[in-house]
Amino acid sequence: MPPGQPLLRVSDLTLKFGGVTALADVDMSVESGTIHAIIGPNGAGKSSLLNCMSGLYRPTSGSVALRYVADDVGRGRRDQPAASPEADIDSLDIRERALTSLPPHRVARLGVARSFQNIELFDHLTVLENMMLGRHIHMKQNVLTSMLWFGPARRQEIAHREIVEEVVDLLKLQAYRQKPVGTLAYGIQKRVELGRALALQPSLLLLDEPMAGMNAEEKEDMARYILDVHELAGVSIVLIEHDMNVVMDISNRVTVLDFGKVIGDGTPQEVMDNPRVIEAYLGAGAAS
Amino acid sequence: MAVLAVIVIILPFILDDYWLALANTALIAAIGAIGLNILVGYTGQISLGQGGFLAVGAFTSAILTDRLGMPAPVSIIGAVMLTAAIGVIVGLPALRLKGLYLAIATLASQMVILFIVRRWEFLTEGQGFLDVARLEVFGFRLDRANFEQQWYMILLVLAILAALTATNLFRTGVGRSFMAVRDQDIAASAMGVNLTRAKLTAFAVSNGYVGLAGALMAHYTEILSWEKFTLDVSILYLAMIIVGGMGSVAGAVYGAVFITLLPVLVREVADVVGGAVPIIRDQLPAVEHGVFGLTIIVFLIFEPRGLNRIWERIKDWFGYWPFRY
Amino acid sequence: MTAAPEAAPGAGPPAAAPSLLSINNIEVIYDEVILVLRGLSLEVPKGQIVALLGSNGAGKSTTLKAASGLLPSEQGEVTSGSISFAGEDITKMDAPERVKRGLSLCMEGRHVFPHLTVSDNLLAGGYTKAKEAGETLDFVYEFFPKLADMRARTAGFLSGGEQQMLAIGRALMSQPTLLMLDEPSLGLAPLLVEEIFATIAKLNADTGLTVLVIEQNARTALSVAHHGYIMEQGRIMLEDEADALADNPDVKEFYLGVGGDAGKRSYRDVKHYRRRKRWL
Amino acid sequence: MSTFVTLLVIGLSEGAILALAALGFVLIYKATGVINFAQGEFLLIGAYSFYTAFVVMQLPIVLALLVGVLVAVVVGVVVERFILRPMVGQSHISIIMVTIGLASVLSALVQMFYGTQPRSMPPILPRGSVSILGGTVPVNRLWAIVICAVVLGLLTWFFQKSRHGVAMRAVADDQQAAMTVGISVRRVFAMSWALAAISALIAGVTLADITTVEMNIVNFGLLVFPVVIMGGLDSVPGTIVGGLTIGLVTQFVSGYMDPGLAEIVPYLVLVLVLLVRPYGVFGEKRIERV
Amino acid sequence: GGGGAASADSDEPIPIGVIADLSGATGDVGTPYNEGMLAYVEQLNADGGINGREIDAMSNDYAYEVPQAEELYRRYLSDEAVAIQGWGTGDTEALRTRVANDELPFMSGSFSEELTDVEESPYNFLVAATYSDQMRAALNWIAEESGGEAGVAALHHDSPFGTSPVGDGEAWIDEQGLDIDFTSHAMPAGTTNFAGILSQVDSAGAEYIIIQNVASPAAQLARDLKAQGGDQTIVCLNWCGNELFATGAGDAAEGHVMVQPIAPITTERPGHEAILAYADENGMDPADIQVSFVQGWYAMHIMAEGIRHTLDAGEDLTGPAIRESLETMGPIDTGGVIGEGTVEFSADSHRGSTTTGLYEVKDGELAVIEEAVSP
């Protein structure tokens, strides 16, 4: 999807858990090629919104629709660079798909990858295996050839391993390739999780508090990785983050949630100046 | 490695029939345990239904051969496929169940399958057991004198194939998706793993091996009755993978051999010390049972990763010998 | 920052205040091999708020676990040194005993009881002081009116911030004299972080509660604390009054990081930035 | 009608005993997260220890019961201390398997010392039959219902309402956090195992009195699984409803349909329930947030 | 065989494998049966064995599990046993093809009619009336006792052992034109009450309950029957028709009937004397000698006689030789204990006897109703 095009549209999204309304009529739109931050107080529904986007939660009503270029998806051809901005949009076969009716694995197949608020890695697998799972949607799953190993199964493993290695290089994870992720330090695990999502070569990356629990130094590193991913791989990113400094610095657009409702939307500066946002989220201290 | 291979190959020429029969039983168990480990150890879906699945494989193959006159290899393949299919049916509830709920659902399948095996007169023609004709492969009929040796060769080849194919499976995406489901199913689905498909595939693949083990059991023991497939058998197989090492193909093999030989070992010991402690000899089945339980406990407490881990440590030690570390 | 309450830093000379918790030169080893604390000493004077800062993996949480007796549950062990609380040696005491004596820990990552309701969580918190649980409960609800609104909800379904409040409220239920907080702002919105620290300061001012708090968010922590410690690799590297620490150039560089102050560097400008010098 | 009443009362009594045995299981599960496959063997140990005190040592019944309780507590605490405590932090499967191993060991011990032959015991509950609505009903069955109801009530109150009950549930959720609020995790663990063993003792002795003291008690114990799963693993009321349902359904199927089918009917009912409600009738869905 | 135990002029002990149930589903009667066999061997060896050669009876518990029995059988085979004493119907039937292949004479506690087909089971020998014959005798007696018309419910162990006589009983009713309404139910193993099955018996209108099962569950059923005020008469076949049933059920056993081909010790037959002498020597209370013990004793006796005949004939102790001895040696005397008193096999019948006795429980003892009944 060329930059600047609408990529993801959330309309009238409502999500209820029993008596609790986590999201109420949320409308927002993510443009291709941006880093779009979602902020808001705890319990505002940010993670829930992300979960709706990735198919983990089924909303009570409303929809999330993803637009994608037909050729980009599902054929394992995402190793080519994303369509250049100059490409003629009309010549592309752009389709739209409602994510809200899809199970999570189908959403992933459309090129939406994510990380989780509390690291959800495959603890007993190595860093490489975790990242190879990121390649899952691009691989053919054939039990019989897998059992035989020699031939197609082996060739396929090698081909995908090459792509994973690029991600390993990008995120500087070389030293940890064969380590079971469960034993790694928190910061590294966060990076592996990012890597796993990247390995999927997504067109949209959803990150839920990738810097939570990090100190200043690690945050800087993580911010750098996110920017690199955004710039080098041309991925659009939806980012939940509480640290306003990070949000201000790296995001192009910000949506603010409070009690499940959108209370602000715009450029970081616009949002910072929005009195409702200051009152509900930032507090007087941050506004000064 | 080479030494081991030589030992395994000359085994049939040095062991007598009794020990060869044990070896054969262990090889069949190894195939079944590999299957169970795929489901339990690698995919994290607990199954107490192993006994019932073995029964499906065994009776299918026996009936296809004896009543429909199919060649044994064909009926064995038929048994593998049917058992895999039954696995998928039983796996369906697994899609929504977790932990103990799943364990008990598989316990239910064990009970129901066993009930059918006991009560469905068609299976044994009302006799309560089923005779299976001597194995004949491509016109070659095993002879009585070399029965155990010939079976040993057949089973050895099949067990090695089973171990290899299972190992290969976990070098590829399919196997990885099983492990992903085990470690973190939500994340797995967010990475594009179809949980339904992965779990059902795991049930099918696992049961394929179990069906093979069941079919071999039928042809090897030449007689089938429901008592070979009780809940105790399910537990026996779980013990194999616990003792051998969960989530390890080699572990399943070690575990199968160990658990098959355990009662023999207990009996030998009982023969020796029985004079001094008569209760051990007089209550042998109880003692065997108790030792079995104790083995599980001891392994879980002291080496939860099983014989496989112990073996690795030994290899490391010798690898570094004479320098430790 | 408005969060700093009346009980401003420097309300009393720290040296004069008797020490409530004192950790003397302890060593902590996990799994019999991993040496994490290497001779750490620390004093928490009665009635003060003390902040413990340090980078990831420095051993901050381990220090609090050692003080609250949780190490054995993680195969950890204090191999040398001693810990005393209110003049009593508690080095070998088990965790529940310490709670009875007024030492309460609010763990990193909240750790509420997910299947219990909010009110059951609080009641469980008052386990050691069952008789007065009713009154304490009212007190906690007063401090956290939000919890009162959610009392019947299952804790596992609360959002992170809500859970953090619950965790602090639960810790208060045991009527501690020393409250230890492990990264209370983890994953919380700025407003809430402010709120929580304001609450901490208020508790301290109103009830004289002594607080030991670990924080990544050094700026906020130092703004309410009287005294601060900075640790690296299992040792205390620096200790001073909070104000003084906040002005220390090293602290500024490593803990206050980019952003915040005027003339800050943007996250966009940071290239792969590696720590040039360590404290050691 | 007469058959119906007989089956009803017998079904209820078995259901009540089952519920009691299952409650012990649930107690352990809720407090320690351990799935105890040896609960059937706890019934067995209960019945045989009482038998030993009452018949072999010829103690008076009250004393014999006390001995039973003592043995139950000791077994419960020892099992917790030496078998389950080292298993903290291991996977579900490992914990299930360790209790399966324990089950083998316990039943093997009983078999070694008492053999497999049934032993008869002088009656404890009154014998004889009464006629209710035209059905002949053994009196001891009625007594069994009463005893189990009382014990069930006491345990339920303890778990739901008492301070220790809340502590047990807190420990089940997060052991470290429980320690930070001053709950002694070890004490709670020991307490729940001991309570489970005591409830198994009462269930086992009641059962042994209306049948015989024999190894078969274990098979009866296996039924706690359909019971707890059906009711919902962590629900006390669910356990009671589950127990009574299984008791009654089994009895009616065996009386009106096929006694052989009755053996698997609990499992069929269970599967049906799970298809509709994967967490049992009263069970709560596990909290899974990401 | 050249040397070794099988050789005619060897003086080594004669190995016989015993597959016993001590702890399994039928252990209540399996235990005294096994003790009876071993007691006989002990006595025989003490008396100088067979022509000076002792019998080495290797006895192991298989807990009534077929796979265990197979495994034991393989061990006995590798220990060069010359004959096998088995136990249950399931395992005996399961092993018979192997036994035939390995040419090993095989007797067992199972009197299933299936095993009498000499073509199919050339090495199996049945020392007493088959379960089916016992069932027939029971049905004849019921027809007589009830004056013609009767309802009968056959309750059986849920196994080949249990179902073995059920079909034959039904066929017998047709064949003989008996006016008997026949239903059958499997008795679930490990059940805590038989209320369900009894209410089915009730609603089928049966006045007689024939039980083909071991003593303990039968006794429990009798107790349940009494507690629920049922008035049916129980007729126990072979393995529940014994003292264990009478004591296990207590006063609930009174008046029930037993079909038992082996004479209980209380009937004081000449064949019991050896057993009583043995009991006396070993400090056993004669009152503790159960009919299953007697049965085991004589099962071993018959096997020993076959071996003696083989050795007397100067032949090697091979399976075929022993088989031939048993088939050709003529009647074997049991001192009035089994059936009419003697057991005889031939090349086309391995049915050692067809007659059985009928007893009633009176004051906790087995009282004779009729002797040497043949259907």
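Chains here go by letter, A, B, C, D and E, matching the order in which they are written, and residues are numbered from 1 within each.
Here is the rule we use: a contact is a pair of C-beta atoms (placed from the backbone, for glycine too) under 8 Å apart; a residue touches a chain by one contact, two chains touch by 3 or more.
Here the structure is a predicted model, which means the values were calculated and not measured.
Report the chain whose CA-based centre is farthest from the CA-based centre of chain B.
Comparing chain centres, C lies farthest from chain B.
Please identify the chain with the largest separation between its CA centroid and the CA centroid of chain D.
A
Taking the mean of the C-alpha atoms as each chain's centre, how many Å separate chain C from chain D?
Comparing mean C-alpha positions, chain D is 44 Å from chain C.
Can you work out the whole-Å distance between the CA centroids of chain A and chain C?
So the centroids are 32 Å from each other.
Just how far, in Å, is the C-alpha centre of chain C from the one of chain B?
52
Approximately how many whole Å separate the CA-defined centres of chain C and chain E?
Averaging C-alpha atoms per chain gives centres 79 Å apart.
Among all residues of chain A, which ones touch two or more of the remaining chains?
56, 116-117, 120
For chain D, what residues touch not just one other chain but two or more?
111, 115, 260, 263, 289-290
Which chain E residues sit where two or more other chains touch them?
Chain E, residues with two or more chain partners: 22-23, 158.
Would you tell me which residues of chain D are touching chain E in their complex?
The touching residues are 3, 6-7, 10, 14, 111, 115-118, 120, 127, 129, 136, 138, 207, 210-212, 214, 216, 219-220, 250-256, 258-260, 262-263.
Which stretch or stretches of chain E touch chain B in the complex?
For this pair, the touching residues of chain E are 22-23, 60-61, 63, 65-67, 70, 74-75, 77-78, 89-90, 93-95, 97-98, 101, 114, 158-160, 163, 167.
What residues on chain E touch chain D, complex-wise?
22-24, 27-28, 31, 158, 185-197, 199-200, 202-203, 216, 220, 227-229, 248, 250
Would you pull the chain B residues touching chain E in the complex into a rising list?
16-18, 21, 118, 126-129, 131, 144, 221-223, 225, 227-228, 283-286
Along chain C, where are the residues that touch chain A in the complex?
1-3, 55-57, 153, 157-162, 164, 183, 186-192, 194-195, 216, 218, 254-260, 264, 266-268, 270-273, 275
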